[in-house]
Every structure is written in structure tokens, then in C-alpha cells.
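These are the structures in question, set out in turn.
After this come two complexes, each holding chain A, first together with chain B and then together with chain C.
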Partner chain A sequence: FLHLRGHKTLRKHCTEKYHNITTWTSKLCLFFPISTQTCHTELHAGQYYTLPPAHMRTLFPHGLPPRFQMQMKTFNEACVMVRQPALELITCLRKADYSEPALRYVLYGEKGCGKTLSLCHVLHFCSTQGWLVLHIPDAHLWVKNCRELLPSSSRPGRFDQPIQALNWLKNFKTTNEHFLSKIKTTQRYVWTKRESTEEGRPLGELVDQGVSRVKSSSDVVGALLRELRLQAGGAAEGAFRLAVAVDGVNALWGKTTLKKEDKSEVLPEELTLIHNLRKMLRNDWCGGAILTTLSQTGSLFKPRSAYLPMELLGEEGFDNMDPFVPIPVSNYSDKEFESCYLYYLDRNWLQHPHSRTEDGKKELIFLSSRNPSILERLCAFL
Partner chain B sequence: LTCSSGRTVTACIYSLAFPLQLLSRQICVSSAAWRKNLAAAGPEKFSEEYIKKQVEEFNIGKRHLANIMGEDPETFTQEDIDRSIAYLFPSGLFEKRARPVMKHPDLLFPKQTAVQWGEDGRPFHYMFYTGKQAYYSLMHDTFGKVLALEKYQDSMRNKGLFTKDTRQMSLTGSRWLLKEELEELLVENISDHDYTRFLQLMERLLSMPYCAMEEEFVQRFRRQLEVQSSKQEIPAVQHDENGVAFSQAEGRRKTAKASIKLRDCGTGSITINGKSYLLYFPVLQDREQLMFPLHFVDMLGRFNVEASVEGGGHCAQAGALRLAVSRALLSFVSAGEMESMRQAGLLTPDPRVKERKKPGQAGARKKFTWKKR
Partner chain C sequence: MAASTFCPALLPLLRINCKFNGVYTRISLNRRAAYSLGLTASNGVERQGLPERGNQGQRRQRRAVEPRTERMTVDQDWTAVYPTAASFKPNSVPLPVRMGYPVKRGVPPAKKGNLELIKIPNFLHLTPEAIKKHCEALKPFCTEWPAALDSDAKCEEHFPIQVESKAYVSAGPSLRNPNARIITLTVKLSSLNLDEHARKKLIRLSGERYNKDTDTLTITTDSCPMKQQNYDYAMYLLTVLYHESWKTEAWEKEKTRADMEEYVWEDSPSQKNILETLLRMRPLGEKEEEGEVREELLGRVEVQEYKDSVTKLKNEGETETNMQQYKEAVKKLLNI
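Presenting the complex of A and B:
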């Protein structure tokens, strides 16, 4: 806490000198060059660091929460607070042994605590380490509000979701451009009578096939996942580590709101995308990590107060996900709240003169109960 | 009813029900069409002997009632009478004023002036022909006092003993008589204009330097105000096992009832029905209501609140909790702050409840569609 205050004056000098640097700057503290981003430790807990805009566009075409995107647009920068759960996850990832089967990590916590943003922080870390990032922004979007539900072309009794698969493939392409040419397929895939992808073709072709032929996009997704699973952490030369990030993983084992033509409910297993994703989440492959978040916000048929893994995943989900490393995400601590408050002040976001006083700060603490999202919404109209 | 002297009891009971219709005269006055001049009224409906007889009957009836109830007739108060009547004549009527009542005839019979003129038809009072003799005579007396004070002032000036800082009357904590009370005093109808003129004259009297001489006269027309905050009940501060001070209080709003325990811990956590207040009140307005009493006395982060609330909707529950928290805070707060809390409206229970739907209307106020024909 002391060093936060002391560095305010230092920051003033630094801002004058380093005004034009768009590399990562640590707010309210000294500036760190790029390489030390990987060395975020407990010392940095509570401080903000900026993500460079170029990275933002490639890594997160679809992953960020909408309110954070609005904040990014307003402040013209993407600042993320370094918090304890993310730090824990990063240390685990650094120390893990990648010849063992992939470890599953589940971020859970009350609504609005910062699970999705922590996940994004960790993903940024992974991508800077050169991992291949497989990010499903919100699994709940795949089990509800689907306009077109086609019966699967490859398997009877399954349903395809072409639009969702198409969107996801496009985003995947933006995120992992450089990997697509390096990885080759290991098997021949036949899409229709006339189209097939041969063995040994680059992944990019597979993805293009899915993008252009919308009908088979869900099967393409399945094939893609299979390829990545087989090849992660494999041979020495083209070795890459795979980070599978699923936000809202409780959607995979919950109920859906989709109905078949005879008005009977569709089970999650009957959806191709969900089925393939479940296979991905099984820890029978090596050379990567599975990072997931539980989310009540988009979930179906779950009460608002549910946030524990047992409640949200259900029995089936819990058995499938077991064993996993649970990481709780909680509301801001005093120090983190202080940091957030100073950040908003610094950005001139809190316009009301009363909010700059001690009394105003106490009111903010009370009204938001230190919950990050509620605090953000509260400050939005101050 | 079985009693020894059935006849007198029945006579007494007869006097119970009868005078109720006349009670209305004192209360709903000042209708422009109804300008009955009581002083000029003829022989009164109730002669003095009649009222005297009623008083005697009341006293005898009181003693009989005490005998019926098996209590001591000497120490039988009005409260005991009310209790006994409610017991002997149970009434299911909702309107309290329609129930049987037994009171002293002076309270029940309207005050009436005696006949104002003699046998020859000449009125006794010199102001009889003004129409409102009591009012005008009062104004005349008051003005006479004003003139007397001025004369006294002049005489003091002549002697050279005139000073402005004489003993002043203390008028704080008292108020002027209301119009209804003045009417009751004078046993006459007064218009609003007359009342205003009376007050102006009184103020003029009080503005003069030597008004303390007429203090007794003026105090007849003033009533004491009660100190509101002395009526507040402050919940007692208790201590639990760890020595932490806590107090309990309850609050109600509409149909919601809340009861809380306020602990002097140091963290600012609030639990309602076992849940965090953020989960229980997702709406900002409810949380602001909860914050108001603590913020008003600047003790935001100091107390822990354990609350249980039931009934009503979310706004009603928030209002009930707010009242309960304010009441519980009274035991941790000084008297001056308690007064300021009372003035801020934190301690007043909100009397608004849902208004009843009336027959012939769609809702409480909403009427059915009006058709011209």
C-alpha cells in the first residue's frame, strides 16, 4: 500500500518521459519492459497493467466481457488488474509438467467477481509464451438461442449448429494465424462426396474448408479439436502447448433450451459442438492445460445464488470434470479496491466531486460491497 | 343484565346512546351555510336542571357499574368505566365512535350558553347585538390591555425609567390555540378571518416592551408543545460472550417486518436472511435505503448487521430494515444526533399502506369508464 502512494510522484515523471510508449505499462508503479510481464508475482498484486492493442485484436476477437469492451473503448486502452487468482493460475502453469496429462483448472466465484477477466489475463500470458490458444468465449451461447439446428451430416441423432461453428472458426483463425500453416493433419477427412481434406495438409486448409462450406462447419470444428488434441506437446520440432479455455463450462452439462421439431428437448450430448468439446475436456491428452470458468450469468435453469462447482456443474458435470484444481475468485480486497478506485480517479472517470472524498469512498464500498462489476456499474454514472 | 336496581341502570343506559348524535356540532364547524348564532338561539335544548339531573344519574350509574363489576365504587376511574362497558356491551362495529360509551355529561353534551336575555327581552351582555359577543368582548379586553400598556410605557418614559430590556416572556415550547380550541373556549363560531385578527392582536400585545405584565392573560391562550424526542424508546445495549456490544430493534413498512441485531464489530458486513445484502437486494435503490441511517451518523464501516425480514416487496423490506437500523443505532448515538435523526425522518414509521378498493370503482381511486349517456 505504501509503495502505491509513494510511486504517484514517480509516475508523474515517468508519464512525461514515456508518454508515447504503447508497450505494457504498469499503472501506479514503475514501468516494466516486455520481458518481465511473464514475471508477474505477488508484488504486483493489485496493480493494473495495460495490454497492447495489437495483441488485443488478435487474441480476443470474441473473448472479453461486453462491459470491459465498452470500458476499453472509453479509456482507449485495455487495463487489467493483476489479482491473486490469476497469479495462482500463472504459477501453476509455469510449474506444471507437460508430459503428464493436462490439468484442469476451474475458476469459480460469485457473480461479477472477475472470473472471465482473470481467464483473459491468463490467456494473454499463455499466448506470450507461444501457446496455441483455443478459446470458447461462452459455452452458453452454444446451448441456447440457436436459429438453425441442422441434423448432422455425419452422424444420425446429432445436431449441427452451423452459424455458431462458423463464427468460432473465424475467430480461431484470427487468434492463431501463425500456427495454422505449421500444423498438419494426420488423417483424411471426407466432408461430402466431392470434398475431402487429405492427410498432411496444413490446418489452415481445414479451417478454410469450414468457413467456406457452412454446412459442414461443425464437423470441421470436431476434426480440428481432434487434430490439436493428438498433436499438442507431441513431436519435438513442431511442439506447441495447447491452452483450452472454456468460459461457462457448466453449460456443457446443463440443460439446453433448444427443441427438436417434435418439441422434445435437445440434450447437450446431441449437439456436435458440445460433444466434441466434452471430448476435449477429458484429460487424456498431454502437453497443455484446460482452463475453465463457471458462470451463472448465462446459465439455464440455475438459481442466481448458485456459484459453487457442485451447484453449477451438477453431478454429471462434476464427475466428468473431477479431478480439477478449483480456484476461487472473490470480491476486491481492501488493497485491490483502493487500486481500482485510484485507477478510476486517474482516468477522470469519477466526475462527481463527492466521490473524491473519503466519505464518498466509504459509500462506494458499502453500495458495491467491493464487487468489481457492481462497482464498475456504479462508477459509470458518477 | 342482572342487577338489583334495574330501573336506574336502564335510565343510565338510555343516556349512553342518546347524546352521540350531538357530538358532531363541536367538530365540523365553519360551513358557510350553517351560521347558527348560538347566543341568539332560543331556550336551549337541554336546560341546566336537565344537565344536572344527567350528572346525578351518571354518578349513580357509575357506582352501580362498579358494584356490577365487583370493584370499589370510590376509586372507579373513567378508564375502568370504559373497560367495563366494553366488556358488558361487546360491539363488533369498526367505527370506534359508534360503540356504546359512558362518559360524564359535560363531555357528551355540547357546551351551551344560557339564555342571553332576561324576561323583558333585554340582553345581558352589552355586545349582544354584534352577534359574536364572546369574541368581540375578548378582542375589546385585549385591546384595552394594549392601551393600558402604552399608557404605562408613557408614564415610565415621563419618569425616565423606560428601558427596553425588561423581562421577556418565554414563548418557546408553546403554541397559540387552534381555531377549534378557541371556539371551544368561547362557545361560539368564529370565522378564519376573525381567528387571524385575534392572533394579530395577540402578537401586537407581545411585541410591546412591558408585555410581561400580561403574562397570565396571554398564557391562557397558549398550549404547551410536547418534546417529541423524549417519546423515543431507545433499545438497550447488550453484550454477548465476546464482549461485543450489540442492540436489537424491529421495524415495519407496509406489510414487511424486519428485526435486526446490530453488532459493534468493525467490519461493515450485512447479512439478510442468511444471504449477503448484495445478493438479497440487487437493486441499487434498496441498498441506498439500507445505507442511509449508517451514512447519516457516519458509522458506515463500524457495524455488523444480522437481519431477518419477511413480508412485503423489496422496497417495503428495504424500508423496514432502514427503520430497524435507525432504531438500533439510537443506543449508540448521542441525544443531539438522535434529534437530528428524528428530524431527518429516519425514526418515523411510514404510515402509508395500500388503500382499500371501494365498491363502484375499479380500484382505490380509479373509477370505471365514464359514459356520458
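Presenting the complex of A and C:
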């Protein structure tokens, strides 16, 4: 779709000189979201690009980091920096062969480097390419702080989490509204004695079933994942590509803080949601990609300094995810820092007069050591 | 004289540190005030030491002489100054040593009267010259070093087992020292005839006594009362370890993956995963057998590289370089 924007879309920064030279390209341009995405190459590294607000509401009801959401509200726009890890991932996705099993990508890096935001960037790319996006915003939320833990109705020994499943289904519906009517179920699912979903019904009905009947929502999630897995990348006309994005994938193989009634610990595989998600992450289906990030922030029983894949995933997690492509995300490079600094200056976010000087910039570099989240928090004070 | 005129004017509790002719004196004026008029000194300087009980008369203290250090030459024989272990004597050591905590923006206190320097052990009696003299004195009691053993490697080759023991000489009520019974036996495992299984078993049996970095086994024995007995015991332990490690027990067959010392890629989940992935990518033809295809897939260069990178990751731990290598291997394997 066309979206006329009467304002600049890409900023150009002079790459040779790092002084405050910003030339706006303010021109009336037709904003093709698809073409903007496909023309992201190495040349665009370090530049900001704006995500259209309509996309933001549908695509990311639950995916963005909270501080970024606050920034979005303040600046009234969602500007994401094009960075090298995201570019690498996008090139891999473009070149990959989708008749082969799904490839797994793991974004890892130190705390606050931009893993979640890179993932969101790549998901935006996927959605503009017409993929179905299955985004689990934070797998850690499913292994801790769960008020209601019901024993599963379908399988003994498993536990359901109705509230989490319900929230996720609602957000999934918002994201992939247009797919839900096209995809049909391949099997009959029986929920209770009186309720069942027949074969050939649209997926939308399945999701509505989960939203309305909270008790069976976890099983609905399992059925949904199964359907998508079977039908992704098929040769049929309604073929679609599936992007499974899990943030904080190390939660699936870690420990939980949930307890059963007899105070014994719940293992992750005893949770229905986790069990189904693990099945999704195996590469026995084709026609899509699995994009994951590791996150120490919400993780349980892992030290603060752990960021490498094997440390966070553990033995079991590594063996399950193997073979995967690890993509490191690091702190800002010089150029990226420049870009971020100029963006904040341009938005008048840096109010303190000293921050606009060269010395102030050097201070910011020193204090934040070019870590994106620390820089953002520092600049919030200025 | 100055003191005598000042006395009445000064407060009774005042103490002055004065320096006259390079000698530090403390003139306490509180109790001596009454006696100051009666005191005379040879060159007009009042000299008073600490008040002695019942002594009211003039008591000439010994004149403080200059320390011995003033008269020491640079090339003197130090072994004569400190022939044996002795406590630190500030007037015998010509070094401007300071030791102690600097209080309130000061400096560490000087050596004169410094208890800290006296408390600590010093090695002033063990300078290289002193050691040389000790060696010269011991030489008549030693035999000659064999001329053929002129390098460490040769010593290691001909005498792989090294036994250390200490002898103690001291004058006291008893000549014996119980610490003399301790024996330390060191041997490098590379000089022993061991195969893979025996080596791993020996390392497991010796536990803490094995040093991985230097590949040495150290056995320390002190359970017997005599040195000879401890030596025999240490040799016995070595023999037993060696022979036991060559034997294979029946229950050793039950060694699981979790017991393995290092990561082995064959039959690991990683190998299974990669084979499954590759098989899915290239489905089996009709005439091909699974075993053959498996062998062929495992023989590919990319798979070997992948195997190396995973083994390295698991055995050596994760680093950025290892991760990069793994990433390259996976990319090549999956045709990205």
C-alpha cells in the first residue's frame, strides 16, 4: 500500500566527517514500505528508518522493549537504527531456500545491546514480505510469576497457563488478522464433550475458541502451532512463510520458579505452552525461519555476566538448538554512536547545553561505553 | 640553663623535646621543676633519663655512642655482621628502611626503635655471599655430579621419579624433628607406559594429586614415623596406581556420556541433529540405504569442520573466536 509522507524518511549522515553535519532530505516521496525494506543494504548501516504507525499497532502489540515504547510515545514516531546484525539476518532470510528445513538463528550479545530491537526490525521486514509472524515476546514470562496453574485437561502430568495463553492468543490475532481466514484446519480438535472444531474450519475460529474458553486456551495454542507447522511453505496456493520469533529462548531449557501444590518444582517440559513451543523450534518443518534471541534480563538462576549462547542455553538447550547460526550483537560502533547522538540532538532530546559540545559527547561515550540502553537512559536525564 | 630559667614560668605538665648536640633529651618539667635548680651538667646541658625510683641524686647515664653503621664501609664482609639468624638491629643495618603505617599524612616510621622491623623474620644472614660460604663449607661432604647428566632433559629421561625429603639441623633439647619424615614423590605421566584408558583411570584415581598443566603426579606421604618407611610407602602407592590403571573392571563398561572427561562428537545429540537435518534437506532416494548415506554425509568436509568446531566449543569453553568458527561451519553446512 502507498503511504504519502510529506517529510523526510531517511536521514543522511556524512560518513567521512563526524562533525554535526546533518542534511535533511525533506522531499515528498512515496513511501513504499516494501521497497524501503528491500533497499536496506550495507550502505544504510547506521541510519535510522521510520516504521509506519499503522504497522506498529498491528505488528507489535506486545513485542517491543518497554523503554522503546516510551521513546515511541515521546517522539511520536518509531525510529529504528539499521544495524549490522539485523542486516545480516535479513540477507540470510532473503537468500535462504524455503523448501529446506527451517533455519535457526540466535541473536546473542551483552545486556542492552539491541537484540530485541534487531529482532523487531527483522520481523517488520518479514511482515512486509507477507510472512506470517509468530512472535513470542518474552518466553521468560511463561516460566515465572504465573498465578493460575491448572492441570492440563488433555494430558495428565502437564500444566496449563490460561492467562498467559489468552494474552498471547489475543495479540496473535491482532498481528495476523488477514491470515486467519485463509488458513484452514486439517484435523478435528475436540475441546470438551460439547465443543469441538471441525476439519476445514478457518483458523480464526480456532483462535476465537481459545479466547472465549479460557480453560482450553493452552491446548488451542498447541493446536495452532501444529497447524501452522504443517501448512507453512506448502506448495498450495495459500502458501505462506512462517517466521517464528522467540525472545528469551533460553527460558525454554532453564528452570522455572513455578511450584506444584506439593511445593515441588515444575519442570519446563511439564508446561503445555513450553512443550509445544519446543516442538515448534525443532527444524522438522520447512517454509520459514526461526529467529530467536537470548536474554539474561528475565532469566532465572543465571549470572548477570552470562551472555554467550552456551552459558545461557545450557547443555540441553544447545543440543536442542544445534545446528543454529549464532549472530553476535555488540555495542554501537563509532558510526552508529554518531548516528544515535545526532538523532537525539535532532529530536531535541538532549537539553543540557554541555551535551551538545564535543566534550559532552566524549563524556557520553565514556559513561555509556557505547552501550545502547545505557546511552538511552543517560540521555533521558539530560 | 635555658631550662632552669624557664621552669617557674612554664606549666607543670609541659614536656619539651629538645635537641642538644645531636642527642635527644626529654626534659620533663612537671616533677623535676623543683629539682632543676640543683642540677648541673658538664657542658651546661641538662640530661635526665627516666625517673628512677628512689633516686634523687645525679645519675650519669651512659653517653649514647654513634651507631656502628657510621663506621661501616661499602665493601665490608656482611657475613661477619649477621653470621646467624638474628633479630633486626637498627644500629647494625646501614639501610634507611622504613616500616609501619603512616599516621595522619605522615610517612612510615624510621628504623630506630621500630618494633615492626624487629617482629618480622629477616634474611639478613642469608645473602648470596653467605650461601656461597655455606656451599663451600658443605663441599667436602658432597660427591661429584655425574658428568653425563648435563641437561634437565637427560635427568628427566634417566631419572623420571624424583623424591624430595628435608633434613633438619637445630640445637635444642632433642635432635629429632618430626617434619623430617615427610617424603614427596613426583613423576611425569608421559614417562610412564600408559595407554589411553590407563591414563584416564590413573588420573581419576589420583584425584587432586595430579597437575594437568605440568602433567605431574605428586604423592606426599607422612603417615609412617620414619623417612625410610614413608619412602617405601610412596613407591608402593605408585606401583599400585600403575597396575590398577591397566586393569579394566567389569563395571567400567557402564560408563555413560556424563562420566566422560571430554566431549566426544560421535553418538552425541549434535551429530544426530545434523544428520537429521541433512537427511531432510536431501531426502533418501529409492535405492540408497540409510547406512551408506550416513557414512557419506559424515565424510564430507563441511561436516568434519562442523564436528571440529562443536568439539572445540564444548571442550575448550566458549569464546568469541570459537563461536565465529561454529557460525562459519554451520553456514557452510546449511548453504547459507
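Quick note on the criterion: the second predicted complex is superposed on the first by the 347 of 382 C-alpha atoms of A that agree within 3 Å, B and C clash if a C-alpha of one lies under 4 Å from a C-alpha of the other, contacts with A are read in each partner's own complex, and residues count from 1 in each chain.
Methods note: a contact is a pair of C-beta atoms (placed from the backbone, for glycine too) under 8 Å apart; a residue touches a chain by one contact, two chains touch by 3 or more.
Small disclaimer: the values here were computed from a predicted structure and weren't measured.
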item	value
Clash-or-fit label for the pair chain B, chain C on chain A	clash
First (chain B), second (chain C), both or neither touched by A:Leu150	neither
Partner chain in contact with A:Ile365 - chain B first, chain C second, else both or neither	first
Contacts of A:Asp322 with chain B and chain C, given as first, second, both or neither	second
Partner chain in contact with A:Leu225 - chain B first, chain C second, else both or neither	neither
Which of chain B and chain C A:Ala306 touches, first, second, both or neither	neither
Touched partner set for A:Ile374, first chain B, second chain C, both or neither	first
Per-residue contact with chain A, leading partner among chain C and chain B	C
Chain B/chain C common contact set on chain A	none
Complex contacts: residues of chain B adjacent to chain A	268, 275-279, 284, 287-288, 291, 294-295, 298, 300-301
Residue numbers on chain A that touch chain C, as the complex places them	92, 95-97, 100-101, 103, 283-284, 286, 308-311, 319-320, 322-328
Residue numbers on chain A that touch chain B, as the complex places them	110, 304-305, 359, 362-363, 365-369, 371, 374, 378
In the complex, chain C residues that touch chain A	268-270, 273-274, 276-277, 280-281, 306, 310, 313-314, 318, 320, 323, 326-327, 330-331, 333-336
